[in-house]
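The two complexes that follow have chain A in common; it is paired with chain B in the first and with chain C in the second.
Right, the complex of A and B next:
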């Protein structure tokens, strides 16, 4: 492929403007169709039976009574989802998570499912399924699960990554290590050392739309799946593998998606719905309840993190070290590893070491949540950085500026940075009026930095030019927050036409080549690259057609501002041909005009942000209000600035909820006690202030327009920024997230008692 | 169970349906009448995605029985625009990008319409508390509040 993805420093006419989104009217009129808004003829209602136990052997499942109930068309258990994973351990875990095989591993683990003519019959059928459990001891706490006497979740797990292979199985699936230099030597050079332990509780992505799908398996081996997902091509791969279907015979259509934040990158109910449909011989709609969403999907890791940082009197960090323990749910994961990679990514360090431990617990299988694993690591590190600045007696912003990573810095996780935004975001924060606004009694200000890798990945895009000169853009990355608008802007920019001439859609899996998920902040980054490439290919065809119409060589035809222009004096009287004029003649000049692109979008530019937060803490109740919040983040190039701001604000709001309220609360019985929005309280409108944003644009050298992903980094700094603000307000270092009123009161009490 | 015959008015149109006694208004709207604009985010009245107006009162349709709609006037998101003329709130939600995924948007629009009908000049705080029964996980509410403020100004001037 001869597509050149390098940044060209061009000027823009469409990119950077703020037009209305193409899917907007459907969404304000209720016409947009989400996961649960689709129906098929003869459709049944699916429901899932879930384990009430945190850890139990499934001795026997008797489905006979349920099967006899009038209106029940299929009952399935793990037997109906045989293991076709062929030694692929990660896929086997996915299969086991979709439907428990030998053991139920958490409260909410699916053990059986039914399809019936209506919801009431399906609910009745679930009650008739008899499951004989042998309840086992369980463990839900990350530190307890690492103890030698802890109940063992999987006796086939032996810790990977140790120097010697362990002789006993363990709840720690893997140890990883990152860093460079010699931390012992570094700490020996330090005048000040801060060492502290932190904990964060498990949170859920909290998308408002529960998982929902409609599955239809035909006797001829073809199948359709309508589903809310962040990656319909990946769902197709996974479902086809788990069900034994041929990939191209399973057509997956992504519905509008009602929030995902990483939580809709994993299959849960979809293979179950397909298995039910296959057995019943009819389409099946399966929609999770909110209780199921909390108990069985999503959550991020709970963590326990130790941080040690040393610095000289002049404010130079000499060494930094962290040990990070992340829950994975009951299956092996790589969540602590990501935390270990991101922990110190903001800083230029000569001596740095991070160690991650992946910890199995009887909680739902950990799923990605917006910059997964980074917010917890940043909370621990940025809290310690603040504390160290205070000990040295240096301003926390100046301290960070002095130690910030730069172009050429070797990142703590390995690579050498290109042009990056950590320094500029810190400088912008230093100059921001928010930093100088007065604070009242019981108020405190905090700031913190955050990093996220960003991702590119496999991407395929089609650009078709209609005979009237309008353009339809078919992309394969699910639009989670306005990317159809940003990608239409990019197509308009490249073709030199109006935004209004372009309509972007998300194509189904049978209409376009494979695309990776919308994850890793890659939607606009990677699909814009593929859109630019597709547009350039279309321009090549447009130039050829213009040359044909003029009967001149294509080499003499240039493309300028949406028009073919004949170059050279000999063609001086030919004028220009617009895209519309060329398209109108396409039937006579060789047929439809289109541009296609398939590529691996390498070179996703890393992303940095710095946030400022003011809080007011009520010392009587321990209740905290965020009274002012500012996000400064590098976007590379903001394609649609309004939606970039939206990503900044949304991530900050999720971080505020995580920092102050949200947590999974398990009882001693290992059951989740707050599986609903009443008791798992995400921020509501009256909890928050306006969230101010400042977009910086440090171009990504590996994208034609300089674009970096913007979706995830905004959730990385808030935990630390708010913890620093609360600590400054109450005069006590807060080390346990969420900082709910009881935790703040307990910290104040502990301080009083010395 | 025998169905309950219900005669009601939805978005100004006379509607009749049969529903089960334990069926919610939300289920009736979505599954029997094809009005899928109201969404089920929780089924427990905590998220507001299923907001509709019944006899000038904002309710979560997941907490109302279908049978209770008898003889009532119900307004849903599908009736908010007049033909191709969007309601000012709908227009301002678009202009301010007050939605990302959009699943909460119908509920917010209905709740905001109810708010502005009862209080045409709300303060920011009144908007924030007026919409506190509707959850949005994408936007941080900033652009929603601004859209409602802007719509209130337009509607007062109209």
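Right, the complex of A and C next:
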């Protein structure tokens, strides 16, 4: 396949418009089927027994009483999910996380599960399972876990990435380092140096729809799984591996998704549901409660970060350094590494060094959360950058513009940038009326920048043309933010037909080749590339069919605005043929017309954003309200601008919640104190102002339309933007996220007492 | 599980009194159903009191108001006379949960749930509200503050049901108000709260006051010392500062996921000042 993905600079007729989404009516009428909306005849109810201890040896599990309870059809423990991971350490961690084997490693860790005829019986059965625990000392705090005397979570983990191989096991699974130049020399050249330490608490993606699935395993080794996921092909791969199924015999169908944000990229309940179904011989439905979602799915890391930045009087940064410690839950991860890569990605730096430490703690296994690891690093760096600008006496926007990375800059994490948007977003912010709007008492304005890599990956798409000239587009990337509308626009654009003629669906794993999951802001980027490729392949067929209908050479047939057009002097009398006319004859000209594509979407353009935020702080209570918010971000090309704006607003909204109130609160006993939306406070509608957006379009040279991913970057700047705004409103520099009212009031009191 | 919808308060009290296992009263269900769905309780008997005559009514008499145990909080807000007489009680009831929850939840349920953070309770205590308790041995009327005895616990005996909440007609030149502190703007639970009810003399000086704090101790606190400071004043700056200090001192809060002891003390004082100021204005003070 000789698909040319390069940006062509073409003009558009469909792309860039704002039609209604194809899934909209179903969603607003309640007809759309989410994870828990699927049911099968004879289906059982699955429930999971979870450890109440943060860290405990599982000495014995007695399931005999539960098995005898009338209505119980299967009880499973780790024994029913034997280790088939064949030395794959990451998959073994996934398996152990799905069902604890020797130790329970966090409050909420699954230790057993039941399938019963109804929820009440399943609940009763859980109470009849006897688990003999030996409770061990635990650690949940990132800094405490790094201490020598901290309880050791896994004695087989020795810190990787050290110069000398350690002789003792550690809660630090890995050290990583990025950067270039010589930071010591750089700091020696600095007139001003700011050095600060920051902490951020653990947050959850807060998707409204809990994890849910129905699993049905047949005696012949085939199985079906209906599940709410961001990546049904990945779930198929992982479940097949963990259950010992053949990949092509497990068919996974993804439901509509009520939010994922990275949290539905990992399996938790699905292998358990499959194991229950296999044992019971009946379909099993497993729906997690909100309590389970908080305690036992995958929140993001809690962090502790030190930052040091030096600059000359003229505002040139001479050196930048950061040490980043990220919690991974009780298993090895690479979260600090991502933080270390993203921390200084916005800037052009001669001397930069970042070090990341992956820290094991007795908390749930960390999962991706929208631009995972980047918001915390940006909070620390952008807070320090703001403070440094103040010390030098230079405007914070000007300071950032002066030091912004540009095309040709070597990024702090290694590669050399192509055309990028950090400079343009800063220039747009500088000119934005928001920056000049008046502020009242106790109000302050802050701004901050953010970066995200973006990802492309494996993608497979089918485009089928019906005999009535309508087009069905089957994609394998789950639609988390309106991508069916965007991809329909792309198909319409490429074929030269109306958006209304295209119907996009997310196909199941047996209907399409492998697709990576919808993560890394890749959904629209990669599937639009595959859609363009599939459409071009379909156009080739359409041209061949037209040539046949005209009985001329295909070389003389061009495709223009949805029509085959005969070219050349001798065909001057031939009228053009529409897609519909060609499709109507397809039965006689060679059968169905389709275009297929399979590709690895390389060249996802990096993404930058700059945010502006106004807050008002009540100095008597420490309560903070965001009163105005503006997002400026580069989209490359906004395929469907409304959904691009939606991504910008959604990321900002989640960032505002994270900055102000969201946090995992653990008691001294290592148990999560707030596993519900009452005390884990995501913002409600009235907490947020209307979030204003400005889309910049700096084309990605590696995509035919210039598209970049847009889903994640918008959550990167808010923590820092709000912290900078609070600092400007009431004069206290908040170094601990969330900036909850008790923390702000305590900081204000400390400031008043001097 | 048995679900029964009795027609009289006597029948309801009898069912509850003779229940062998755990029993629960269902009015709005905004606490009960959430707990049942969460698996925290599994009642053997549920007594739905919504069909009992009179329990879904607000009765206005010459002396005051009687609010039936099954009256949803949203209905309080639709009663113009009640709203005019006791704006603080109504604004407190209208803060509970969300709009949808307010269509179901009741102030009696809020009281009997016995959470120290219950929104309507400090306002009711400040207003001097009384509860009519019906039980196997007849009826008794007690002060609202006598109902909760600790988090999740009440002074009600087995078989007793609160039938109604009584509010007097307010004195001339009186006003009440309620505010809570929450980190969000709505759909949240009070970190600390204050209800204040003031009556002024003709010169605008405070002649009677009741100050109640929520989420500041195991039960709602009626702070008599705070009332003493207010009486005789015209709510000048110095009085407000003393009020704040006394309220902060009167708190016996805990450190928990919702706030620290320090924070609750300080904000209790801040809220007391703000709420007293609103109550004073509503009473006609300037």
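Note that in this section the second predicted complex is superposed on the first by the 754 of 754 C-alpha atoms of A that agree within 3 Å, B and C clash if a C-alpha of one lies under 4 Å from a C-alpha of the other, contacts with A are read in each partner's own complex, and residues count from 1 in each chain.
We take it that a residue touches a chain if its C-beta (ideal position, glycine included) is under 8 Å from a C-beta of that chain, and two chains touch if they have at least 3 such contacts.
Quick caveat: nothing in here was measured; it's all calculated off a predicted structure.
When chain A is checked against chain B and against chain C, the one touching more of its residues turns out to be B. In the superposition on chain A, contact of A:208 is made with chain B only, not with chain C.
In the superposition on chain A, no contact is made by A:510 with either chain B or chain C. In the superposed model, A:218 makes contact with neither chain B nor chain C. When the two complexes are overlaid on their common chain A, residue A:674 makes contact with chain C while staying clear of chain B.
Of the two partner chains placed by the overlay, only chain C lies in contact with A:742; chain B stays clear of it. When the shared chain is aligned, chain B and chain C each come close enough to touch A:686.
Contacts of chain A with chain B, set against its contacts with chain C after fitting on chain A, overlap at residues 289, 678, 683-684, 686-687. Put simply, chain A touches chain C in their complex at residues 123, 289, 291, 620-623, 625, 660-661, 665, 673-674, 678-679, 681, 683-684, 686-687, 740-742, 745-746, 749.
Partner chain A is touched in their complex by these residues of chain B: 20, 22, 27, 30, 35-44, 46-47, 49, 76-78, 80-81, 86, 90, 93-97, 99-106, 109, 125, 127-129, 131-145.
Contacts from chain A toward chain B in the complex involve residues 18, 20-21, 23-25, 27-34, 36-37, 119-120, 205-210, 256-261, 287, 289-290, 480-482, 642-643, 645-646, 649-650, 652-654, 676-678, 682-688, 690-691.
Against chain A, in their complex, chain C makes its touches with residues 38-39, 181, 183-189, 191, 256-260, 262-263, 266-267, 270.
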